[in-house]
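Both of the next two complexes hold chain A, though its partner changes from chain B to chain C.
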Partner chain A sequence: MKRVNRRFSTLLFLGIAAALLGAVTLAGICLKDAALVTDFSRKDLPPCQGFLFGTDWMGRDMFARTLAGLSLSIRVGLLTAGISACVALVLGVLSAAFGGWVDALISWWIDLVMGTPHILLVILLSIACGKGFTGVVVGVALSHWTSLARVIRGEVLQLKTAPYLLAAEKLGVSRWNRVKLHLLPHLLPQFLTGLILLFPHAILHEASVTFLGFGLSSEQPAVGVILSESMRYLTTGKWWLALFPGAALVLVVVLFALLGERVRLLLDPGSVHE
Partner chain B sequence: MKQALFFAGKKAFRALLLLLGVSVASFLLLCASPLDPLRTNVGQAALGSMSQEQVAQLEAYWGADQPPVERYLGWLAGAVRGDLGTSLLYRQPVLTVIGQRLGSSLWLLLTAWVLSGVLGLALGITAGAFRGRWPDKLIRGWCLVISSTPAFWLALLFLLLFSVWLGWLPIGLSVPIGVEEEAVTLADRLQHALLPALTLSVTGVSNIALHTREKLVDVLGSDYILLARARGEREGAIVLRHGLRNVALPALTLQFGSVGEIIGGSVLVEQVFSYPGLGQAAVTAGLGSDLPLLLGVTLVTSGLVFGGNLLADLLYGVIDPRMKRGEGRP
Partner chain C sequence: MTLEGKDITFAYGKGAPVLDRVNISLSSGERVGLWAPSGRGKTTLCRLLAGYERPRKGQVLLEGRPLFPHEGPCPVQMVWQHPETVLDPLLPLGRSLEETGPADPGLLEQLHIRKEWLRRFPGELSGGELQRFCLARALQPATRFLLCDEITAMLDLVTQAQIWDFLLREAERRSLGLLVVSHSQPLLDRVCTRKISLKE
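Let's look at the complex of A and B:
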């Protein structure tokens, strides 16, 4: 039997995972209206053929609600992880490239953000922006950049003394061109994997903050909202309200984590041997 | 010795400065909030039916009529003297509320912290020792799933399984309902804290397990392990004698660094179990715009996190003499 090339199987996995996540996102957008349909003739149904995840006390189809919620989570995750990674890139490069008091200030700022428990920081930021969609996005985006910023800062510090950069400086390449031509291409793999590995955290924190009541408003079919509502019906034995949406969320987050792991292997082939 | 003291003093000063920064930043964030404390706590309809004087009185109570800088300076002056103000929702001094809440939270946090550390270390070492074989794959898979699971959902599952379905453990709170405080036994408290502590411990495991595994794999690939193997030492002895010692330091750092995560998790878990701890107070304060209390909780929890990091820094030197000041971190 011919052994499948590892690179090929990794690429295949990437394709399938990306397609799956894309499909969930699209399906959620399409099912947004179906998720809001209430029908009291079919309320509190346990999982059955017509309703895979059952229905809630207002007769809403939990499958549609879950998909819509996941789609919302993924979109919020993409947005916040993107912003976070960009903040990390800018601050990390600034910190390492300028050194001195800029570095001291940014490092202090990173320590400050890392020192506050994440959830509390997201709550504070969310309150500052008046909760809701903006609150979640700002809260999650501005609290997750720290570790990536540190990685990028370390990388740039290391690169700064690399012979080819010193040579470029002596050859009279301008500072901006050195950053653009020599530094950024080197940072790209770190940046991309950091970005993808931010998704799981972003999605989990979005769901957590929404669950606590500081995030997306309760009319929206967010996973956090679904789970916090399900809490009221747990004691009456409606287990499906909590089990399936949560499990689906875990699945999406695992997919993102695996995706990030595989992308790292592709972009940084040396790490395969670890 | 003098050097060590100087080192500790410098670190402590830095932590103090960071705490000051945390207080300024949280204060600014809370002041920038467009949420009106009157509207969230009194309600729009009730506000409309009140007279001007009543509204002004309420505004004075919630501190909405003073400029932020004045309020912060007033708060800071009190904080330096050990007075964090009065909680607006509980109508008690913030320190009293935090003290009570921390009392019930602390040993929940502590159990979870110790359990997750021990469990994580054990799992990490097992995975590292069996690298590439099925126990390793199992543990790594488990860690991936656990780190992708929101703490509150795990809490919900445990609640469903142990309290609703099996009926072994109580649904929530920290003491039985309808029992006088004197009549509450230690067994009652234990029973109520068991599920929250379990949830917190399980969620905290993955990070430390994965890092320990990574480090142990590194150690096991080194030359002195090769020598030990050549000398005929048994694999188990190698892992325990040479592996554990070298893995302990990074594991300890991670463990002290994970204080923040455990506190963050406790906010969620306490909410699910309606456990009256610090995390729940934070959520209540946040939802009710109770600025002094939220500020106090943020400050105290950040203090715990910085304290954890400080301890880790100091322990370096104690555990590994090579790491004394001047030679830097590994």
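Let's look at the complex of A and C:
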């Protein structure tokens, strides 16, 4: 039997993982209304054929709530990771390209953000922006860009002295074209990998802040809200309220982390031919 | 038109000077050979004259005026010993060639650059093939001086002959000033009108 090479298996994994995450996101959007339906005649049901993840104390379907919560988490994760990665790209490029006081200022800012306890910074930013969806997005987006900004800064510093970039300058290629043709394409692998690896962080922090009560509002079927509410019922033996949403969240986070790792393997010149 | 390096002193980092008060001049239509043992700063001198480095002391002058900082296409172009380092590995060669404007089809023909190479990436061609691209790119209309840093040192004899034959014709036609860096005395004897050496 022909042995499947690593590139093919990586691409296959990427396809399946992306399809799975896409399906969860879409299913969550479709089940958004079902997740809010209350029916006290079926309250506190353990997992059964009709309700795979059981029901809660208001008779709400935990399967629908979990999918809707994951979908919301993934969308918040995509948005915040996207904003974070763009902030990292702009600041990393500015820092390395201009050097001097611009570099010093941005590097100091990176150190400042990295030096502040992460969850505390997210909570403070979320409170400052009025909590809720906006608070979570601003909080997570403005606290996760630092590591990627450092990577991009280092990469640009190295690229700045690349002979092909210096030669293009001597040939009269405009500054914008040098950035567009010779700088950004070389930054794409780091940017994409960094972006995907930001998702799990963003999702976990969104759930954590929401769980602690500083994030999404309680009427939204977010995983953080579900876990926070289920805490009150765990001691009464309703284990399914926390187990399934918690396990699903861990699964999504692990899937994103593996996705990022596989994308890095595909884009990294050192491993692309394995 | 004259290109001059006046009292050029240069050192990398805090090390000892690689070049100490070096003077060099090159006129249009002149072909100057530069010879020195390895590590004496031949490439560094080319980099300084082409503006890739700034001298610690001294100046690079074109027609008596400081050449750098310079905006737009530089009249002093350098062709490197290792062409693969000056071509973006992620850009097809045709794009690299036409970054500063459409390439002259006659020039490409004289350099034996095949059309299908234009779609390829630097990693897909040999050193000799890439060097032809570098020459075509460096010989843009604004170029007045060409600094050739051991440009055929790693090529076979036939390719060397083709490249020098083309370059001498082009230099003659456009009255270019050539600075030819090489370890090969026979090459310098054949190609250059004047020879200089960098002494200790």
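Rule of thumb we're sticking to: the second predicted complex is superposed on the first by the 269 of 274 C-alpha atoms of A that agree within 3 Å, B and C clash if a C-alpha of one lies under 4 Å from a C-alpha of the other, contacts with A are read in each partner's own complex, and residues count from 1 in each chain.
Definition applied: a residue touches a chain if its C-beta (ideal position, glycine included) is under 8 Å from a C-beta of that chain, and two chains touch if they have at least 3 such contacts.
Quick caveat, the model's predicted, so the values are computed rather than measured.
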Chain B versus chain C as contact partner of A:Lys32, first or second or both or neither: neither
Partner chain(s) touched by A:Gly130 [first = chain B, second = chain C, both, neither]: first
First, second, both or neither for A:Pro200, with chain B first and chain C second: first
Partner chain(s) touched by A:Trp108 [first = chain B, second = chain C, both, neither]: first
Which partner reaches more residues of chain A (counting touched residues only), chain B or chain C: B
Chain B versus chain C as contact partner of A:Lys160, first or second or both or neither: neither
Residues on chain A engaged by chain B in the complex (per definition of touch): 108, 111-112, 114-120, 123-125, 127-131, 200, 204, 207-208, 211-214, 227, 230-231, 234-235, 237, 239, 242-243, 246, 249-250, 253-254, 257-258, 274
Chain C residues touching chain A - in the complex, by the definition given at the top: 50-52, 72-74, 77-78, 80, 85-91, 95, 99-100, 137-138, 140, 142
Chain A-facing residues of chain B, complex: 18, 21-22, 25-26, 28-30, 32-35, 144-145, 147-153, 156-157, 159-160, 164-165, 171, 214, 217, 260-261, 263-265, 267-268, 271-272, 282-283, 286-287, 289, 294, 297-298, 301-302, 305-306, 309
Touch list for chain A against partner chain C, complex: 163-168, 170-173, 177, 181-182, 185-186
